[in-house]
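Both complexes below contain subunit A, partnered by subunit B and then by subunit C.
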Partner chain A sequence: MNGASLLDFARGPGFEVAVAMLAFGVVWRLVGILALRRPVDHSEPRTGWGWVGGLRLVFSRSWPRREFRERVLHWDIISYLFHIGYAVAILGYVPHILVIRNLTGLRWPGLPGGVIAFFAGISAAALLALLGHRMSSPVLRRLSNFDDYFSWLAVFAPLVTGLMAYYNMGDSYQLVLGLHVLFGDLLLAWLPFGKIMHVILFAFSRATTGTVYGRRGAAL
Partner chain B sequence: MSTTTLDTPAGSGGTASAPDRQGTLSDPERLQRAMASFVLDFGATAALYMESCVHCGQCAEACHYYVQTGDPKYTPIWKIEPFKQAYKRQIGPFSAFYRLFHLKRPVTTDELGKWQELIYDSCTLCGRCTLVCPMGIDIPSLVAAARHGMEAAGLTPHDLWEPTDRAEREGSPLGATRQVLKERIAWLADENSVKIPLDLEQADILVTISSVEIMKYPQAIVALARIMNHVRASWTFRSDGYEATNFSMLSGDKKGQRNATMLLINAALAVQAKIVILPECGHAYQAFRWTGANIYGKPLPFRALHISEFLAEEIRANRLTLKSDPRSMTFHDPCQVARRGGVFEAPRVIFRALGAQLHEMSSTPAANWCCGGGGGVVTIHRADSLRHRVFHLKMQQVEDTGADILVSSCSNCRLTFDDGQAFFHWDKTAHSLLELVADNLAERH
Partner chain C sequence: MADETIAEVLEKRGFTRRAFLQLCATVTAALALSPADAAEMTRRLQSAPRPTVIYLSYQECTGCLESLTRSFSPGLASLIFNDISLAFNDTLQAAAGEAAESAKDTAMKKAWGKYLLIVDGSVPLPQNGAYCTVAGRSAISDLKHAAGGAAAVVAVGTCAAFGGLPYASPNPTGAVPVSDIVRDRPVINVSGCPPIAEVITGVIMYYTTFGLPALDRLRRPTNFYGNSIHDRCYRRPFYDRGLFAKTFDDEGARQGWCLFELGCKGPVTHNACPTMKWNGGTSFPIESGHPCLGCSEPGFWDKGGFYRPLSVPTGHWSRAGVIGGAAAAGAVTGLAVAAVARSRQDRAQKNRQSGTDKKNPKP
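Then we have the complex of A and B:
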């Protein structure tokens, strides 16, 4: 398979399979979790507005409480650099916007390639730092499993191949671009099955805890 | 502050390696029971938590066990690892896939045994980890579910199982039986010349108590009586529903927890109580205030208040008036009452009414360090050295306030402080907020 046919496959059937797996996987996993029983809480709420706590925690937990900042804020900042850089690269790059437009009909103006490359570079550097942290921290080594490392790879591979394609690195542009799109397909297909699903689950999880403890007037 | 050194090196848990076992079940039977209980417990909330963890490890940074030892095994989410594995293999949305391709191996009884010290000895259910988790996962609720499974399998630390068993047989984990309660009340009423109503047929307020107070801090009963009489309340103790600690909840015995809760509910219904007052005991508050109605199966037909909430309400209503006590004080917010229970303001209303100089601790009341004795940990003696390590953190936090007097509103915390004070030859004694109020009742005109 040469670069051109790889690119055709990745943009065509590869992409279609990936989107189908994404849609099916997200629905399957969400239903599999949310369809489990949810007992009614009969305790008298301190405040009748538990859902306000839920909504509040969805947003407030995006930044650590002041009591924990000394111990965790530096890694949160690096994590934000990765997430923001990644989001800008995906949503700001014109070719990506065209893919999204073809799929959903939505469109918005893109950013210059140089800006995208800058954000992608920041994101890649932050991802490498996070991997280093995962491999060197005794706590993270203890917790980490296949999902952590495979998900890291699934996120890093399209990023680095995208940068390579932008800077025309490698012998064949089409091959590098084909690999970039293929890795993008892999990311979409893997998203619902591993930890990357937290891009959706974080809101449910935070809202659940916020609602339970919000009605108690407890700490959030 | 004392210079007593800790008796285990950093990184050592200092707990026994062989897990305690109850009964004569075979290993497969224990495993089957643990997993059956675990599956029964599972709902959408626990599943969401299991699915949302991104293995960021931040929960370790909030846990006093990890902070004090640096040992990664004390990472809160790691404490439920076998149950996480079991969830993914048995219940999760991709469980069939995991089983088909052998991607998650079955949990073994040996693993459950190894995890006993992480599920019991080194988790006070304090909930500090919940406050740091970027996903908002409430890890203590998962540890509680894991304890249900462990208890069903007969894998509870014996030091916790024994008082639980005693509570279920005798009505109290510490031998404070009905008869003992009656004798104590008669003696305390006589000794202190205070009226302590017991077993009235009707009263507006049912007052409950913890066994720790009955057996170790009986002045709490006198303090309660003085205050209730001072505010001219219609109140009573009931010998058929007095013990609020609920050790069964701590060990993970759901049936025992239910029975202990129903004793209090039935006693309250019998006297047609409008209010049930819960004692200075964090887990009692959690077990009754936030779980009682769910055990009852419908909203409780009376209010359930922690004693500090009741005192604050009486102060606000001008029924409880206090003499000034302007000493320099700090307050240890019990985790289950404040962080996880929502009672933050009430004790501060009381300190204001006393005119005390309150020196707050370095972290907010919400993220206060746990004393290290909650969740039944104070009863598990093999965990004493580890508990002293985490107590040191609390002791430092109290010292940093510069306050002269340490006050709390949980007798279990008080017990832990007393033990830590003796171990470290510390010059601070934890005082009861309830007793502080009783000592400062203004004369009624």
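Then we have the complex of A and C:
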């Protein structure tokens, strides 16, 4: 398969399958989780405002508690750099916006290519650092399984190939672009089935935990 | 006649040495040759034997030949075709019918094994090639025969190089490019719909003096097809700054911003348009405000639409249908999984109450 046919496949049937898998997987997991029976808490509620705790936790968990700051803050910052860089590259680059417009009709102004490349570069460097940390920290290493590494790859591959396409690296632009779109397809298709699903589930899990503890009057 | 040199032919036709050097300068400039190579080309053109060129046309629109003969440097094209080398072209020659066929046969016989074969148009395969016949002979058998005596084959235009319009979906005639048929001779693809006139003549002159040029993976001469349109596009700074025309008559279009959003295929198209331009260097499509269609690339008719941006998905799937169907299937699966989980939750609950839960025995 040459670059041109790879690109055609990735933009055509490949993308279609990926979007279908994304829609299927996200709905499956959300419905599957939300339709579970919640355990009944027989204890006397300490407050009638448990859900406020839930709401608070969604945001407060986005920053380490004071007790842990010294140990993890720098990794949190690197993780933020990755997330922000990634979001800017996806949502700010005009060719990406055109894909979203094509699917949803929504559009917004894009950013210059150089700005995108800068954020994408930071994001890639942060991702590499995070992988290094995951593999070198004894605790994290034991906590990590195939899902973590595969998800990392699914996130990293479109990013590097996108940067390569932007800087015209590799001897066939079409091939690099085709690979970029194909890895993008893979990311969309894999998103709901692995840990990347946290992009949607983080709010649900934090809110659930927060509500349960809030009801019991725990400090959040 | 085959033993005459190009310089002798030109002299006989009344060309001065000055005119000859001018011709050489035009060609070497078009080829972007180094000064040393340019001098070498001039030297070789003087002593090179006059080449024989046979030009055959199959499923095509004659646009390539139009491009060639109506270019603003007709001097060059006509020099090459009228004065230097053309032994047969059924569109340009005066002879018709059997006289034409026998002229072709004679020219081919005389230079058998040595002539340069130029082909424009694709070749249909089904029904023994019945969809395209010339003088009662199918294109496929005509081409096979002609290629048998050629030193090299130049496929001029995207139809000959990659199938072009006849090859576009659903390809009703089962057309294929020349390189699918000619497998034992070097094939040079000079793609474009049409190719730039100076590119066609440049490739022929280069072949006459230096032999086969360096080719890319699609067998196009890297001299002309080495860069993408996007690489050399004067609107590139706007692309890099994220400034795009959104319609053909908005402020961005007036300011000359990048045409990517209007469907420009420049980033994946290799051709010499931005540097050599058209009509004797007047302009090229992007300069005139129209996005590149990608005409020098395989399958450019079927890339999902000339005015659809390159990044957007191709294909004509019913978006709502596919996404909605997938989401509905997801919901059903989710409910089924939740039902199973709920019944497990219930069982565990019951076991806990009756004290039979081994994992979590009642204290």
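Descriptive notes on the structure:
Following the convention adopted for this analysis, the second predicted complex is superposed on the first by the 218 of 220 C-alpha atoms of A that agree within 3 Å, B and C clash if a C-alpha of one lies under 4 Å from a C-alpha of the other, contacts with A are read in each partner's own complex, and residues count from 1 in each chain.
In this text, a contact is a pair of C-beta atoms (placed from the backbone, for glycine too) under 8 Å apart; a residue touches a chain by one contact, two chains touch by 3 or more.
All of these numbers come straight from a predicted model, not from anything done at the bench.
In the superposed model, A:71 lies in contact with subunit B only, and not with subunit C. Once chain A of one complex is fitted onto chain A of the other, the partner contacts of A:205 are limited to subunit B, with no touch recorded for subunit C. Once chain A of one complex is fitted onto chain A of the other, the partner contacts of A:36 extend to both subunit B and subunit C. Within the superposed three-chain model, A:28 lies in touch with subunit B and with subunit C [touch as defined at top]. By the touch criterion defined above, A:218 lies against subunit B but remains apart from subunit C after alignment on the C-alpha atoms of chain A.
Of the two partner chains placed by the overlay, neither subunit B nor subunit C lies in contact with A:132.
Once the two complexes are overlaid on chain A, the subunit A residues touched by subunit B in the first and by subunit C in the second are 28-29, 31-37.
Across the interface of their complex, subunit A is touched by residues 42-45, 47-49, 51-58, 60-62, 66, 70, 72-73, 75, 77-78, 91-94, 127, 130-138, 289-294, 296-300, 303-304, 338-344, 363-364, 366-367 of subunit B. If you check the complex, the residues on subunit C that touch subunit A are 217, 228, 231, 239-242, 244, 260-261, 267-268, 297-299, 303-304, 309-315, 317, 319, 322-331, 333-335, 337-339, 341-342, 345-346. Those residues of subunit A lying in contact with subunit B across their complex are 28-29, 31-39, 41-44, 46, 57, 61-62, 64-68, 71-72, 75-76, 79, 137-145, 148, 193, 195, 197-198, 201-202, 204-210, 212-213, 216-220.
Residues of subunit A that touch subunit C in their complex: 2, 4, 7-8, 11-13, 15-16, 19-37, 94-96, 98-99, 101-103, 110-115, 168, 172-174, 177, 181.
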